[in-house]
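One structure below.
Here the chain labels run A, B and C in written order, and each chain numbers its own residues starting at 1.
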Amino acid sequence: MSRFSVDGEPLGFTEGQTVAAALVAAGRVAWRTTRVGRRPRGVFCGIGVCFDCLVTIDGAVGQRACLIPARAGMTVTTQEDDDG
Amino acid sequence: MGETADLVVVGAGPAGLAAAVTALAGGLSVALVDSGTAVGGQYWRHPPDHARPAIPTADLHHGLREYRALRRALSTARARGRLDLRLAHHVWSVTRDDDGFTVHSVDRRRAPEETAVALRAPRLLVATGAYDRQLPFPGWDLPGVLTVGGLQALLKGGGVAAGRRVALGGTGPFLLPVAAGLASRGVEVVAVCEAAGPSAWLRQPGPLLRNPAKWAEGARYGLTLARHGVRLHPRTAIVAAGGTDRVSSVRIASLAPDGSPRPGTERRVEVDAVGVGWGFTPQLDLLVPLGCHLTDSGDGSAVVAVDTGQRTTVPGLYAAGEVCGVGGARLSLAEGRLAAGSVLADHGAAPVPGRRRLAAARATVAGQRAFARAMARAHPIPPGWAKWLTDDTVLCRCEEVTAGAVRAARADCGASDHRQVKQLTRAGMGWCQGRICGPAVHCLVAPHRPYAPTERLIATPVTLGVLADLDDAGENTEGAAHE
Amino acid sequence: MTLHRGVSALKVVVVGAGAVGAACAFHAASAGLDVTVVDRGPVGAGTTSRGEGNVLLSDKEPGPELDLARLSRALWDEAGDELGAASFELEPKGGLVVASTGEGLAALGEFAARQARAGVRVERVDDVRKLEPHIAPGVPGGVHYPQDAQVQPVLAAAALLRAAVERGARTRTAEVAAAVAGRNGEVTGVRTAAGETLPADAVVNAAGTWGGELGRRLGAPVEVLPRRGFVLVTEPLPPMVRHKVYSADYVAGVASSDAGLETSCVVEGTRGGTILIGASRERVGFDTTMNPAVVTRLAAQACRLFPFLRNTHLIRTYRGFRPYCPDHLPVVGPDPRAPGVVHACGHEGAGIGLAPATGALVTAHLLGRPWRGADPAAHTALLPDRFLTPKGAAQ
């Protein structure tokens, strides 16, 4: 199984899964905190429409985890909206 | 800027695939663009080609023979240099000039890197599909609550089930394949809450009787569900979800004839994931700014108006599939073929697929549209749905705008459409630009008109750096010179 | 102007429920006039909803528009006190105009000195990064305008209209088709497209970009033309841009009459966390077509001013049509050709900022005496008379 890192912790995934699918497969359904209500969010629409699943990937903020294929060695940082 | 191809097709779902393959067969060169990493759209969503052995999903699909035939045709055309296949390309704008269309996209194959790619052609076919329509309820923003399409996408695209104990709710035939898919992968589907009554289909016998294939499909799902002990609960709805950091329960209520929850019928069911969907919203973002006329689909959504050859009201612009009205893969395939037939005819190319096959496609479209209308009548948005909203229920997930705020905008400022609500409350102003909350907000303030999305001149977010580089490279100054 | 009828309430129909129309209704109703606001759409649905909500002194040369803007700035504060500044997100954030070259800085300094003599508060800034930490390095300097402010324009129009209604005004959804004239040619009402007549002693043309067309229907044509502008909206971010920041060439763009595409970079944050990027100017009639070249040009200029924006997503673009008169001054005041018609349009990109003073000035014209600091005698350069030949026809 390949691995990428989520907030510094390694996470295994099957090649071909999106970042969101890998997170969900590992039992995580929430990884973002909303700006106003500080509420947890994760994958909702799963097809790139809702933007609930935003993460930072290799330093690039605002990436939809449900669209981006996981790659070995990728650095995923979960996003507090106030962190930018 | 030179021509990329004779035809650009945006969207590689059933409609776009059928259109591209038909146009290629007629001798045209085609650029086929899709944001996904594999062709197939949502209906035939697959992991990327290289990952298919590791993530088997064939058992979740229908009509794979057709899918494989279309893929073979694409491969052949690609090998001959006639197909420019652009996967993981996201289109942010389409513009029209005297000679045709420019499709402005970003290549995200190496995401998060993005590279600007502009495609040009004298003709454009938009087959961008649809996404799940949502009716908010208290707790729908808890993690673990997904759209039914989202559950399906994780399953078909990644082989992942989002929970072990799942409740599904909403309305429409799409709930069944998702329930069957989850059940066949060992998920305990504790309830399927269908807002329509058990006899809803029977009130529309004509189109149903004329579509035996749909009966067969329904029966197959029924068998799968029965085998796994999954129960369909007609005239019920998931009216609330509970939990702290993740959904842990739902409340299910029986619905009165107007669709409002019957007091005293609520029961609590423990779950670890939920899927909800109330039909689909067509993805019209590329079509609206081009000035296409829209029309009422009869299912609560505006769709793009097309003639019997799938031509929109904008010359050179064609549309096929769910953007013309939601009706399933068979309808989309037939519309794609018809649209490509028109492209060929308008291009002056030889008539492929030939008059008889075009007539057959037309007959399929007519039959499937009748079926879709019957389905829409059988599975309407329940008029009383808003009764399950509390004032603090979040409607706009992005900007966290509540139902109370939207109701106040309506009461205090007379807001009568979702655009006005957006200006007054920020509902629909966030990341998703009202794609998720727009239909629901519309239902609250203008329930008797079909939902037409606000114009979105930017169809997908794109970094300012990529746009800035386009300007610096001078590639995009053509338009400026016209001004 | 002798519209004032003593103690009995003058009947006023305000056509247009944008920021300017709402401000006219608010002031006229506050003055005790009998006000009906007529619009074919909802409040603030036209150009009001298409801008950034600018309340600016910084971009105005000394002259009639600046005089109106200074009064308006004070009246926005009053409106904030009266209606609740938070209800329309009134934010006195201040403007920062930056030069890109030493020469530009000298010209900007000279411009600011003239503004200061006209009563504008200006502060020379040598190190602009003290005010805007994320601005590009190497900016030679700028001028800070502490009076510049921002409002959420639709909320502002809605708040003003709501307050007008609380003061007795009525609102109607209808399209005005024509004026109804009395025996001496004076206006006695308006007829709607549905054939209904609304009696009026005065009709206020606050139709914004459509003010030219409405003027024709009222028998008082004025030349109000559309000037298209795009605004870019980014993803929501934590506060990165504190002021309204723009390059000195924006002022030239505002004053220019060039028909071609002009862009001059304007960048600012909003309460919602998004960053707004303007401003483009094109004279293409009411053409609503998306122009990606404008979007990429604005993106390039914004990224040069704030390099962090390169990694920021554009999530939305919208465009609107600024209503401008050929001499770039609004037209505010009674039209001598159609007694009873009072114009309040042609504000170009400054309609939000100028709305309260326009409302007060229109009310003063209707009352025949100064109102809330607006004295018709002090704003004669805005009268429609400037477009009329001695015979009274439009030039």
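Things worth noting here:
Everything below uses one rule, namely that a contact is a pair of C-beta atoms (placed from the backbone, for glycine too) under 8 Å apart; a residue touches a chain by one contact, two chains touch by 3 or more.
The structure displayed is predicted, hence computed values, not measured ones.
Comparing chain pairs A-C and A-B by the number of C-beta pairs in contact, the larger count belongs to A-B. Core chain by CA centroid proximity to the global CA centroid: B.
Centroids built from CA atoms put chain C at 40 Å from chain B.
Chain A and chain C have Cα centroids separated by 43 Å. Between chain A and chain B the centroid-to-centroid distance comes to 23 Å (mean Cα coordinates, whole Å). In chain A, the residues that reach two or more other chains under the touch definition are 35, 60, 62. In chain B, the residues touching two or more other chains are 399, 430-431, 461. For chain C, residues that reach two or more other chains under the stated contact definition are 235-236, 311, 313. Within the complex, the chain A residues that touch chain B are 14-18, 20-22, 24-25, 29-30, 34-37, 39-52, 54, 57-58, 60, 62-63, 66-69.
Every residue of chain C that touches chain A in the complex is listed here, in rising order: 235-238, 240, 273, 311, 313. Across the interface of their complex, chain C is touched by residues 93, 95-96, 102, 104, 289, 291, 399, 412-417, 419-420, 423-424, 426, 429-431, 433, 456-458, 461-465, 467-472, 476-480, 483 of chain B. The touching residues of chain A, when paired with chain C in their complex, are 35, 60-62, 81-84.
Per the touch definition, chain C reaches chain B in the complex via residues 42-45, 49, 154-155, 158, 162, 171, 232, 234-236, 260-261, 272, 274, 277, 282, 284, 288-297, 299-300, 302-304, 309-319.
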